[in-house]
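Two complexes follow with chain A in common, the first pairing it with chain B and the second with chain C.
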Partner chain A sequence: MKRIVITGIQGGVGATTVAANLTIALHSIEQKAHAIDMNPTNFMRLHFSMDPNNNDGWMLRRYHQEPWQQAGYQNHHQIPFVPFGELTEAQYQQQLTALQQQPMTLLNNISPENKEAESKSDWQIILLPEITSLQNFHRPLLDEADLVICVVRPDIQSYLSLQKNRHYQALHEKHNIKLLMNAFNANSEVSRDLQLVIKHEYQEMIIPTLMHFDTAVPEAVANLTSVLEAAPYSQAAQDYRSFAFWCLTHVNQEIMVTPNV
Partner chain B sequence: MFKWLSLLFQPRIFMQLKQQLSFYANGGAVSQTGRLCLSIWFLFAFLLLKPAISGIPSWKLPYLLFPNVNFARPRPLDLIRFIAQTLWLILFQQNRAPKKPISLLSIAFRLFSTIKSIFYLPLNLLIKWTQWLEKKAENMAYETTLKMNQKKHKTSFFSSVINALLMLFIIILAVLCFTVPFSLEAQAFFVIILWVMAMMFRRMPGRFATMPMIILSVTISCRYLWWRVTSTLNYDDPLALILGVILLMAESYSWLVLMLGYFQNIWPLKRKPVAMTGDPKDWPAIDLMIPTYNEDLDVVRATVYASLGVDWPSDKINIYILDDGKRDSFRDFAEEVGVGYIRRPKNNHAKAGNINYALEQTSGEYVAIFDCDHIPTRAFFQMSMGWFLKDPKLAMIQTPHHFFSPDPFERNLSNFRDVPNEGNLFYGLIQDGNDLWDSTFFCGSCAIIRREPLVAVGGIAVETVTEDAHTSLRMHRLGYRSAYLRKPLSAGLATETLSAHIGQRIRWARGMAQIFRIDNPITGKGLKWQQRLCYANAMLHFLSGIPRIIYLLAPLAFLVLHTYIIYAPALAIILYALPNMIHSSMTNSRIQGQYRHSFWGEVYETVLSWYIARPTTVALFFPNKGTFNVTAKGGLIEKEYFDWGLSTPYIALVLLNLLGICFGVYRLVYGASEEVGSVLVNLFWVLYNLLILGGAVAVAEEAKQVRKNHRIEVDIPIRLALKSGHIIRCTMKDFSFGGVSVELPKSVNLKYGEQLDVILQRGEQSYVFPMTPIYSQDKILGLNLMDLDEQQQIDYVQCTFARADTWAQWQSEYQVDKPLVSMYRVLRIGAEGYSRILFNGPPFVRMLTRSAVTLWRVIYSLKPQKITLKSE
Partner chain C sequence: MPNRLSDDISGLFKAYSVDQPEYEELSELERYQKVKQKWQGLKATTNPADSFKNTNNENVSITGNKEKP
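Moving on, here comes the complex of A and B:
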């Protein structure tokens, strides 16, 4: 199983959208993929047409001490995903402390129990909270990921965070992070300039597919669907398809060059 | 006349019949006769026929069986059509049961193909072998040229003796082949053998097979010329002798050009670009010069914008507008965009003087010259400069002149992008062939020259009106080399009217003739013999005017004056002349097929012949006469018109040839019976001349050119950003200075006047251009550029015209020549020419033509038509 962990340089850069649409785009190129939402905002389900009033999620199941797999859902294209769940503050704090005490549980939970049976072509897309809110129990996930993607925007906040943010620096030291530029606006000069600056300064880390800002994305979410389905000819849909393809080639390449001893 | 049916039928059935009637009416009115005919037919079909015959409702049968008759509104002549079609249906077009083809035929066919494959077996092996050899040769081509042109290679005494002996042997053999007199039977045998061999070699792909074809063609041509000189001149009749010698001289000229052409194009070098190496900081400095005289600022603008984006270190490139028109608007523009502006105090020596003055003001190591309407792509220097660093003796590199607008030939014959244009042969093949012999010459634009050799020859030559070729000739004399890179790295506008086009060619022709006198490449110092031949060919090419006119008049000498200018029996003429023509056109089609289709050269040459005949002759005798004229470009032709002035000489030639036909027919009927062969040969010649002349006349009708901005067809993925924030991925189908048209993934409805943004990519950067939709049809959307500021205009030109790949499809679109297809097209163009003359003629001619055409259409409409019945 190939694991892609997605986080954002800060809140609101679009990590949730990227994670959900990447999962769907991987399906569109005949790859089996499932998505797990580990971001407490719990918005990934909107891309998978889940009823917003449905509070179910793996965290809630955990609270009720039920197997987390019970919270697995499928959208109408049989794409599996696991929402985070809606908890009260007290419930959430309790679970948080529990997880903090046993940082390995999350990883153990979501890793397939039977190593033999796991399919090599499966993809697991994990959405983490933004970098500043990462917890100790997220670390093992990052360690075990085939690809860690940090979503950034071509704006000054992202650029400064890349340069100065201590959370990012800490993460960057330990993991091989790839940066994905999201919501690029060709109409705005600052967007164009910062895109070039970031691309130039972080050449090795940047993922070559550039995600454009496209109104089709928020529209699709508002309609509880993915942009690939709602607007297949949009630039956003095209971007996600090429991004999925990039992931496919990149991860497979990494696996192949790693000596298999 | 239809209602009477209601007396017979129930209302329900009558309604149905009425529907049938409206089917026949097909939305139009139905005449009384029509009603009567159809009502009778419906009654008949209803009462006596099956409801459906072979799957078709029987009431519909006349509609399907008589597509040329409108039953709802029959006209008097329809009766004839009806009868003719009935006869045709009954007698000819019957639906026969599909029979198995006779097996004997198929056996014979199979046998034939087996024999053929056995026969071709050795040939196929030979093909494989030559392909292998050719690959080797291709790899070594450049090195070999270098060695050959530097005279460095040392050969051993032994091998040079062998070479000399071989050469001697070949010469003796060749002289024998050319001169041995044959009887007619022997000549026929000889000709057929050579033809069979040529047909065999023609089947072999690659360049090696071209050479034996050339050898065969040379043999036949030399033999023909020898025969012409020795045994076809009539010394007894002074008039025939004089005319015969004139014709013979014209033919010798053609022979010489043919031989030189073979030599020139025997192995086009097909030079590849060399990548730039080293630190860009060490790359040489270039002065990019854009000379202009009276062109519009708009024309110059695009070139400057594109130059600003050329990939070269910005501190190593200086752009200069060389304004000979001394216009302040140009100076302001140059200041605005930050390029150099050079204006000289005098105006002497036109473009050459303009560049020479600028050379004194600038200092870059290299000088790139672009005519003000040639837009360079960004890759221009990256692709071409590498050769200068590789070869220190290289003085000049030339790239093709590519035109994105149709030239007058293409526009008036409407074959733009269909048949290779006139310039294609030169830039596709001849310059590449010259490159092998190190004699590529400068063509005035889209070229880079090293300053040092340019200064060494005293700048651009000013003595002739073709300063470009003259300059490169001088550099060659000093031992510098030149190169040709057959990559379309820039594009420009073609001349817009035929008269302007002819004017340009007259200038070239005159200039070449001047060089021939002032600085003769054959006798002058410093050139290698190969270079002498190549330059000689370039100059001879422009002397084709008089020989062409001689050919157009030659058959009249016999038909009208009744003198035998070729004093030989008709059969002998056929046996000598025909193979000569067949071999040369077959070989030329093989060599030039991609760049010029057979017979088109005849049309181009014929159009020019009259006009270049005089200036070249004058220039040959008085090389210093005449002035430089600027070629006008970028204009509009608002109304279609026929250029009577230009076509007068051709119409005169047509009339003369028509006279020849009259005489020919007269001689055929009343002449001596032993003359029939000669009359037929000459008649055939006249007919051929007439058709070529027709083509020449057809070009004179100037088609409309109302579009100021020429559209360039492309296929580039781009993005559209709507004002709502949606971005749509789509394909740009064409662009022009005014806007683009795109193909959307599915059809959309946009509001008229709604503004949107087109996002174009240049390298990694995106540029946004505001546009408004002007039309929309299905998935195609036409967009007009809104007002752009200076920077946006620069970006737009750089994202479109200056893209490195915009012109890459050049050449690849043309179909390879098929001589017979090409001949058919030329013949059709010829016929078209005559119809244009008649339709543009004096009123009574026009009226006569119109009525003749109408009459023909009516008669033609009587012809029965083939029908296919499909069961529904």
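Moving on, here comes the complex of A and C:
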């Protein structure tokens, strides 16, 4: 199984949107993929047509000591995903403490028990909280990822976070992170300029697919669907298909170069 | 008799009301250097690749050129 872990340089950069739409875009190019939401904001489900009043999720199942897989859902196109779930503050803090004490639990839970039987062509897309909110139990997921993507925006906040954020620096020292530029607005001077600066200074890390700002994305989420389903010919849908192709070729290339990893 | 080439170009400029007749094509590096001076938030920052060259002799660059073990 090929595992992609997605985080954001800060909150609000669009990491949830990227993770959900990448999963759906991989399906559109005949790949089997599933998504797991590990961000407590629990918004990935909105891209998968889940009722916002449904509080179910793997964290809630864990709290009730039930198998986390029972929180698995499918959207209208049979694309599987696992929401985080809605917990009370007390429930959440209890689970957080338990996970911090056993940091390998998450990785062990979501890894196939029978490695021989697992399909090497399957994709697992994991959404983590933004970099500043990562916990010790997220580290094993990052260690075992085939690809770690950090979503940034072409704005001064993302740029300064890349330069100065100690959480990002610590992550960068341990992992070969790729940066995905999201919500690029060609009509905005500052967006064009910051895209140029980030691309110039972080060229080795930048994913060549540029994700354009497109109002079709928030419109699709407001209708509880993904942009690939709601507006398949939009700029955003085309960007996500290109991004999925890039992931396919990049991860396969890495696996071919290092066959035993 | 047909116009000379230079007349044609002048005619084109007039027709399209070019705002910046002294426009010069910039390379990406020149554009980058101009942009770094344009915004206050960028002026005080440094290119991490440059600071790497000046201060670090290890085989790991901050722009992601990690050498595989």
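Throughout what follows, the second predicted complex is superposed on the first by the 258 of 261 C-alpha atoms of A that agree within 3 Å, B and C clash if a C-alpha of one lies under 4 Å from a C-alpha of the other, contacts with A are read in each partner's own complex, and residues count from 1 in each chain.
Rule of thumb we're sticking to: contacts are C-beta pairs under 8 Å (C-beta built on N, C-alpha and C of every residue); 3 or more make two chains touch, one makes a residue touch a chain.
Treat the numbers as computed from the prediction; the structure is a model and nothing was measured.
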Inset, instruction - Record, for the superposition on chain A, whether partners chain B and chain C clash or fit. - result: clash
Inset, instruction - Please indicate which partner A:F213 is in contact with in the superposed arrangement: first for chain B, second for chain C, both, or neither. - result: first
Inset, instruction - Give one of first, second, both or neither to describe whether A:A186 is in contact with chain B, with chain C, with both, or with none. - result: first
Inset, instruction - Classify the contacts of A:I177 with the two partner chains as first (chain B alone), second (chain C alone), both, or neither. - result: second
Inset, instruction - Tell me which partner A:H167 touches in the superposition: chain B (first), chain C (second), both or neither. - result: neither
Inset, instruction - Determine, under the contact definition given at the top, whether A:L196 touches first (chain B), second (chain C), both, or neither. - result: both
Legend entry - Partner chain(s) touched by A:Q235 [first = chain B, second = chain C, both, neither]: first
Legend entry - Partner chain in contact with A:K32 - chain B first, chain C second, else both or neither: neither
Inset, instruction - Give the stretch of chain B that clashes with chain C in the superposition, choosing among 293-301, 311-319, 563-571 or 743-751. - result: 293-301
Inset, instruction - Overlap the chain B and chain C contact sets on chain A and report the shared residues. - result: 196
Legend entry - Sites on chain A touched by chain C in the complex: 156, 159-160, 163, 172, 176-178, 190, 193, 196-197, 200-205, 258
Inset, instruction - Flag every residue of chain C that touches chain A in the complex, lowest number first. - result: 28-29, 31-32, 35-36, 38-39, 41-42, 45, 47-49, 61-66, 68
Inset, instruction - State the interface residues of chain B toward chain A in the complex, per the touch definition above. - result: 719, 721, 724-729, 744-746, 757, 759, 764-768
Legend entry - Sites on chain A touched by chain B in the complex: 186-187, 192, 196, 199, 212-216, 231-238
